[in-house]
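Two complexes come next, and they have one chain in common, chain A, joined by chain B in the first and chain C in the second.
Coming up: the complex of A and B.
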């Protein structure tokens, strides 16, 4: 009788502890990785950042400038992000050839990132294209964002 | 008896825990799905806007709606092949923006994928729902049209056009009455009161002279263009000259009437022929309503597994 009781109690306790651990892990998962809503916020801010850069003509103004000027400017723009955000922005500018076949030649790549940030695994990536009429250029801007 | 009691208790504890885990898991899945959908919707919207916003740079035409006025800033003529640029733009999108997780297509009204370079310059910009057109005969952009049907013409309240010429000078005395504005035939009227098809037009030119700013505004502002009536400059009336020779800029206002007059397309409200002229044009078309939008004659479809945005550009 006593033995049966001890075994049942053991089983209950063991199961309780095991399930508690499982629950704790399930609850901890969103905390240890990036939160869902943070992800959404990162995507929104990333898209907004690139849209503002495009619509304000910033990307087009880079055509014809030196790499150092552009990289510096990109760094300054990244400073406008909220303080808890880290960014890594890359701008590629292509020239197109109608061919046939149609080809695009990568002219320059410009890059800068938020200073003092350590790159993390949970990164949200956004991108946007832009076009310039004269001279005829095509651009691709990519932004990686993560939380500090 | 005690064994049964403990078994029941154990079972209930298990049941409670399983229920709790299920609730938490479902909640996480729902949250994840909701966020995934929102991120996807966000991505679709920004991708659509990015492709759409950049069309104006490909065409080098910038349109804006300001209350009841459509503003169109254009550069005449096209200095590059617009069709080639459109083709390159579509290919660039396919190569750099389109991927297995997002599809970007230009479509016709039937939902069929189209080659962007087949856009028709004669119906390029459509002001809807009135279906008033801002267009060119071809992508060379040497001639600018405003077209409307007689029924929809009444939506147009006023048209202001400012043309800043880059390579030609006035070859008439802008201060002498009638020297530059020799309309023939002349359908201008003192006012539009009581006239069914009457356009209120302010047409201003600036020449390329950098030292002395010369601006000429046509003193005629109201034109009766109903039936077969149209105003057109006679040869040599609005005279300009480049470095080597004198020539004229033909401007036609109207006519507006039946299909025998207008042909199969919309009627001509205004036609400015700027062959051999390099110019920036600033046009304001004021309507008697704020309920309109300016579209390109193409539909853009951006879709992912989670959703899509399909709309006129």
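Coming up: the complex of A and C.
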């Protein structure tokens, strides 16, 4: 009885410590890798890009423009990204009724991407919503970013 | 028989224990685990310092800080103000020809050595959108 108990307790303690260490190491490894910085930087630049486009009124200025004008402008704005980055930006503009009930109707979708980029699997996505009051429009901007 | 089994168990447990200590020591001493993270964080803090602290305007450049720093000729004072010691710093603005006070102003000076940390931020001021690159040098 004593022997069995002593063996089990010992094994449980050893296993617990081993598992805790393995988990700690697995958690530490991403922080020490370059890949972690790349992902962090991708997300950061994605948020910056959308925030600056919104702050500068660029998104709101698209309301009333033609699709070709907006798509061309989006392509030019993507040149703000560092040269080693690829981006695919999509802007959706909705008309809305502030309820009740609240309803949004998709008007148009505009898109452009960095030329010469091949889409990869590891992509970071960021989103931002914006509002225009006159005329009343709601927008959703999405940016996919990846490294060349 | 009982003593032998117990010893084996103890041996296994002690082996795991020492292996764990060895692995932890390896991560603490051998791998430069937290250093890149710390330096990168320092560069991030500089980028945040140079932009507005006003909520919602985090991507707007603070021209007063940039102008004051660019007027400072002593690299050591710039380093002290930005709290980046012991590293050298160069803050560069790209994709624009004008910004604060109508002219483009970099901070610090480029160094030929390879930077050890680099943070890119897309910023906005006076109708201009641009890249701000904060580089720290060893």
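Just so we're on the same page, the second predicted complex is superposed on the first by the 111 of 148 C-alpha atoms of A that agree within 3 Å, B and C clash if a C-alpha of one lies under 4 Å from a C-alpha of the other, contacts with A are read in each partner's own complex, and residues count from 1 in each chain.
Rule of thumb we're sticking to: contacts are C-beta pairs under 8 Å (C-beta built on N, C-alpha and C of every residue); 3 or more make two chains touch, one makes a residue touch a chain.
Quick caveat, the model's predicted, so the values are computed rather than measured.
Asks: Could you say whether A:10 touches chain B, chain C, both of them, or neither, answering first, second, both or neither?
Replies: second
Asks: Per the contact definition in the header, classify A:80: touching chain B only (first), chain C only (second), both, or neither.
Replies: second
Asks: After the superposition on A, what does A:126 contact: first (chain B), second (chain C), both or neither?
Replies: first
Asks: After the superposition on A, what does A:138 contact: first (chain B), second (chain C), both or neither?
Replies: A:138: touches chain B, not chain C.
Asks: Classify the contacts of A:102 with the two partner chains as first (chain B alone), second (chain C alone), both, or neither.
Replies: Only chain B is touched by A:102; chain C is not.
Asks: When the two structures are overlaid on chain A, which partner does A:23 contact: first (chain B), second (chain C), both, or neither?
Replies: After superposing on A, A:23 lies in contact with chain B but is clear of chain C.
Asks: Tell me which touches more residues of chain A here: chain C or chain B.
Replies: Between chain B and chain C, the winner on chain A residue contacts is B.
Asks: Please work out whether A:51 is in contact with chain B alone, chain C alone, both, or neither, and reply first, second, both or neither.
Replies: Touch status of A:51: both partners.
Asks: Do chain B and chain C land on any of the same chain A residues, and which?
Replies: 11, 37, 44, 51, 55
Asks: Quick one: in the complex, what on chain A touches chain C?
Replies: 3, 6-7, 10-11, 13-14, 17-18, 21, 25, 28, 31-32, 34, 37, 41, 44-45, 48-49, 51-53, 55-56, 58, 77, 79-82
Asks: Under the stated contact criterion, what part of chain C meets chain A in this complex?
Replies: The contact residues of chain C facing chain A are 2, 5-6, 9-10, 12-13, 16-17, 20, 23-24, 27, 31-34, 36-37, 40, 57-60, 95, 119-124, 127, 129-131.
Asks: Please name which positions on chain B make contact with chain A in the complex.
Replies: 2-3, 6-7, 9-10, 13-14, 17, 20-21, 24-25, 28, 31-32, 34-35, 38-39, 42-43, 46, 49-51, 53-54, 57-58, 60, 79-81, 84-85, 87-89, 91-93, 95-97
Asks: Applying the document's contact rule, which stretches of chain A touch chain B when the two form their complex?
Replies: These residues of chain A touch chain B: 1, 4-5, 8-9, 11-12, 15-16, 19, 22-23, 26-27, 29-30, 36-37, 39-40, 43-44, 47, 50-51, 54-55, 60, 94, 96, 98, 102, 104, 126-134, 136, 138, 140.
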